[in-house]
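Both of the next two complexes hold subunit A, though its partner changes from subunit B to subunit C.
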Partner chain A sequence: MQPNLSFEQAPPLGVPFRFFLVAPWFGVAAGLLLPWAGESAISSRWSPAVLALTHLLVLGYLLQAMTGALFQFVPVAAGGNVWRPRLVAAILQPLFLIAAALLATAFLAGSGAMLRGAAALFVAAVSLQVVVIGLALWRTPAQGATVAALRLAIGGLAATVGLGAILAEGFAGDHGWPLVTIVNIHAGWGLGGWALMLVAGVSYFVVPMFQLTPPYPHRLARALPLALLLVLGGWSAQILGMNAEWVTAIWLAGFCLAAGYAILTLWLQRHRRRRIADPTFLFFRGAMFCLLGSCISAVVMTMLTSIGDDSRCAWWLGILILPGAFVSLINGMLYKIVPFLCWLHLQRLAGIGAVAPNMREMIPERAQRRQMRLHFLSLALLLLTTFFPAAAGVAGVVFAASCAWLGWNLTGAARAYRTFRGRISAAAAGPAP
Partner chain B sequence: MSATPVLLAHHKHCDDLFAGAEAAAYAGHWAACRDAFQRFSGEMTAHFATEEEVLFPAFETATGNTGGPTSMMRLEHAQMNALMMQAAQAAVVADSEGFSGAVETLLILMQQHNMKEENILYPMCDRVLSANDLALERELATRTAGTCPP
Partner chain C sequence: MPAVIDGRDMVPPEPLELTLAALDTLVADEELLLLLYCQPRPLFGILESEGYVWREDLRADGTREIRIRKGKS
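Moving on to the complex of A and B:
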C-alpha cells in the first residue's frame, strides 16, 4: 500500500488554523506576566510566576502550534489518516486552551484543586491526541526518519503529561514523593522527548524543502531520535536513585545531542542552494544558535561550579531553550505554513484560471521582518534580565508585543483568505436577478 | 532498468535555475532575473511535458488508473504554470513584491510536489514500467531543446 497522493488527505483549513491562530496569544499572556512577577522570576525556577509563564509558553504556545502542525503534517507528509480531524480538533483545542489557563492560574493562586483540575483536563485531551495521532502514525505505510521521530515524539508527549499529572497530585496532596527529581524528569521528556523530537522529525522534511539544502544524512537522522530516547531512559532512571555524577553526565549527553542536531542543521543551511535569507530562514537559524548556546552554557555551568551554583542559571537556560529555540522556530514556520495553506485552499476553491493572493500578499515580508526584529530584541532583553533583573518588566512587555504582532500577522492571512473566499462565492452565485 | 532517475536529477537542476533567478531578483538585477527565469520556465515546461506525455500515459496504461496520483500531479503542474506566469509578468515590470510573492509560493508547491513524485510516484512507475523502454532522457532533452532559449 502506498500513501495516497490526493489533496483530500489534507484536513480542512480550520483544523490547523484553530491551533495556529491561538498559539501566539499565550505568548502575550506569558510576556505580560513578567512585569507583574518582577525580579523574583529570575532568581528562582520555583516561583509561582515562573511556573505559570513557563507553562503558558509550553502548553499554550508550543503545544497548540505543534498540535496544529501535526494535524496538517501527519496526513500530508507522513501519509497517515487522522480519524475525524475536524471533530478531534474541535474537542482538543478548547480543552488545551482551558487547561493551560487553569494551570497558570493554579500556580499563581497556589490552588491544589485547580492544579488537579488542570492535570485531569490535560490527561483527557492528550490521551485523545495520542490515540488519534498515534494511530495514524502507527498505521501509515510511510517509512523513514521523520515518521520514526514523530512516533517517538507522541510517546514523549504522553510521558510528559503523565509525569505532569503525578506532579500535580504530588504538589496538591501530601505524599512525600521526590518532587524535584520528578520535575527534572518531566522537563526532560517535555523538552527532549516531545518538543525536540518533533522539531527534529519535522525539520528533516522542511529544512531541505524551504531552503533547498542537502538532505539530513540518513543514518544521523535515524540515530538522533533513538539516541534521545536512550538518554531520556537514563535520565528517568534517576528516580531509582543514581550517583550525582551520572545524573550530570546524562544531562550533558542530552545537551550534546541537541547541539549535534543544531550544528548539523546550521551546516546544511550553510550549504543551501537557495541564496536568499527570508524571515523563516533567519528565525530557524536564530533558533539553532539559541539551542547551541544553551548546550555551551550547560557545559560551562557544569565545569565552573561558581557559575553553575547560581540560581539564575535556570532562567538563562530557560530563555535560550523556550523563547530562543522553540518559539523562534515555530514563529518562522508559521510564516510559511499559514500563508501557503491559505493560498492552497483558495486555489482549490477558485480553480486554475483564477489568481489567488500569493503568500506575500497574505503576510507581507516587511511585516514579517519587522516582527522578527522585535522578537530577537525581546530575546536579547530577556537574556539581559539574568544580569539586570530590574529589566524583567520591559523584556516581558517587548516579548508580549512581538507575540501580539505575530498573532496580528497570522490573523491578517486569515482575513485575506476570508475576503477572497467571499469573492469566489459571490462570483459563483453570479449577478443578482 | 529504472527510467525515472533522470527526472529526479532534473528536479535538482530546475531548483538551481530557480535559485539563480530568485537571487538575481533580490539583487535588483532584473535583466539577469528575466533570463534565468525564462530558462527555468523552459526546463519546467519540458519536464512537465515529458511526464504528462510519456511517463504518466505509460503508467496509466499499465495500471488502468487515470484518476489517481497522475491526475493530482497534472493539477499541480497547472498550478505551478499559473504561478510561473505570474512571476514572469512581475519580472517584466521589475515588480519585486509581485515576483517574490509568486516564487515563494511556487517554491513550496514545487518542493512538496517533487517530494511526492520522488518518494511515491517515481518508485511506483519504476516498479510498474520496468519492462518498458521509456527513454526519458532522450524525451526530456528533445523537449528542453524545444522550449528553452538557446
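Moving on to the complex of A and C:
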C-alpha cells in the first residue's frame, strides 16, 4: 500500500521553489571556500573556514531545501494547513539567506558582533517557522510515523537554533560557558534531531512511493524517532557532567540508530517491486551507504584510539555525513520533487487534451546522471583529502561545480515550466484574430 | 472489456500521465479501469473539473480499482 497525496492544500509553486532554487548555490559557496582555506581546513574542526563551510552547507543548503520541502510536504502528505504559506515563505527565505551569509562571514572574520547578528536573525526566522509549520503539524488530523517524526524534527530544529544562539553569545562574549560541550550537543540536535529525524519521516512516505519498495515496518518506523529523541536527551545530559565512557556510549548509540535506518532503507530498496535505478534512487542509495560508512567509521574511531585521536577524524565523518548523506539525499529528492511539481501544476492548468509536457522533459535524465557522477566524484575527492590535504582545493572546486550544475538543472526545470505555461495560456486564448 | 492501466508498479506520475492520455481518446459509454495502490487525489481533481465520473473499489490486497467514464453532459 502506498500513502495518499492531497494536492487541494498545496501551496503555489513559487513557495517551495524559492527555497529549492537557492539551496545549491550555498553548496557552491561552501565548495569554493576550500581552495581559499587550503590544507588548514582538514586539520581542525575549529578552523574558521571549516566552521564557515559547515554552516553554509547546513544552514544555506540543507535548511533552505528542507524548509521548502516542508512547505510542500506538510499540506500535501501530512494534511497540515500551513498559515499563509506565500507570506511566510517570502519572509523566511531571505532571512535564512542573509543569516547564513552573515554567519559564514562572522566565522571567517572572527567577528562577535556579526555572530550575534546572525544568531538573532536565525532565532527570529526559525521561531516563525516552528510556530507556523509546528502548528500545522500539531493540528493535522493525520496520524502515523511520518507526522510523529516531522513534529519531533521541528522540535529538533528549535533546539539546534536555540543552542546555536547560546554558542554565538558564548563565543562573542566572555561567559566561561562549557562551549565545547555545547557545540557537541548543538551538532547532535542539528544532525540527529533535525536533519535525520526529518529525512526519516519523509522517507517513510517517499521511498515506498517513488522507489516502489515495500513500506517501512510500522513498529520500527514509530520507534526510530522516539529512540533518537531518547539518545539526544542522554547526549544533552552531558552538560550536567557525565562520565566520558557514558558520553562515548551515547555517541555510539546515536550512530547505531542512524546505521539501523540506513540498513533498513537499503534492504527495502533491494526488495523494490520494479528494478528502476533512476538518479533519485542512486542518490538515495549513495546517501545510505555514506550514513552507514559514517557509523562504521565512528565505531572504528572509538575502538582504535590511535585512529580516533587523529584530528582529521572529524573531517572524515563530516564529509560522510554532510555532503555524503544529507546533500546526496536532498540532491536526489530535488530531481524527483521539482520536475513532479512543475508537471503537476502544468497539468492542472492544461486539463485533459491540452498540450502538457512529459515530466522527463523538465530535467533530462542524462543531465541528472552526469551531475550525479560529478557529485560522487567530488565526494570521493573530499574523502581523499583526509589523507592528501593538498587536494582540498581541487575537491572543493569539483564539489562547487557539482552544486552549480544541480542549480542549473533546477533552474532549467523552472524555465521549462514558464515556457509550457506560456504555451498553455496561448492555446487557451485561441488563435489570434 | 474496459481499457486497463495497471499503475501499481509504476513510479508517480506515470499512472497519471497514461490515464490522462487514455482519457483523451475515451469515447462516450467506454470505461477506463485504473489499478493503483493509492488514492490518486490529483487525478480526481482533474476528473472533476473536466466532467468525468468515476467509481472506486478496494480489493482485499489493497489494490484500488478506479473505473472512469465520461459524465452525462
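Here are some notes:
We take it that the second predicted complex is superposed on the first by the 422 of 433 C-alpha atoms of A that agree within 3 Å, B and C clash if a C-alpha of one lies under 4 Å from a C-alpha of the other, contacts with A are read in each partner's own complex, and residues count from 1 in each chain.
Rule of thumb we're sticking to: a residue touches a chain if its C-beta (ideal position, glycine included) is under 8 Å from a C-beta of that chain, and two chains touch if they have at least 3 such contacts.
Keep in mind that this is a model prediction, so the values were computed, not measured.
In the superposed model, A:R275 lies in contact with subunit B only, and not with subunit C.
By the touch criterion defined above, A:A427 lies against neither subunit B nor subunit C after alignment on the C-alpha atoms of chain A.
Applying the stated contact rule after C-alpha superposition, one finds that A:F340 touches each of subunit B and subunit C. Touch criterion met: A:E365 reaches subunit B, while subunit C stays clear of it. After overlaying the two complexes on the shared chain, residue contacts for A:M209 are found with subunit B and with subunit C alike.
When both complexes are aligned on chain A by C-alpha atoms, subunit A residues 2-3, 5-7, 209-210, 212, 273-274, 276, 278, 340, 343-344, 347, 352, 358-359 touch subunit B in the first and subunit C in the second. Against subunit A, in their complex, subunit B makes its touches with residues 15-16, 19, 22-23, 26, 68-69, 72-73, 75, 78-79, 82-83, 86, 97-98, 100-102, 104-105, 107-109, 111-112, 115-116, 120-121, 124. Note for the complex: subunit C touches subunit A at residues 8-13, 16-17, 20, 23-24, 36-39, 41-42, 45-46, 49-50, 62.
Residues 1-8, 209-212, 273-274, 276, 278, 340, 343-344, 347-348, 351-353, 356, 358-359 of subunit A are the ones that touch subunit C when the two sit in their complex.
Here subunit A touches subunit B in the complex through residues 2-3, 5-7, 76-77, 205, 208-210, 212, 273-276, 278, 336, 340, 343-344, 347, 352, 355, 358-361, 364-365, going by the rule given at the top.
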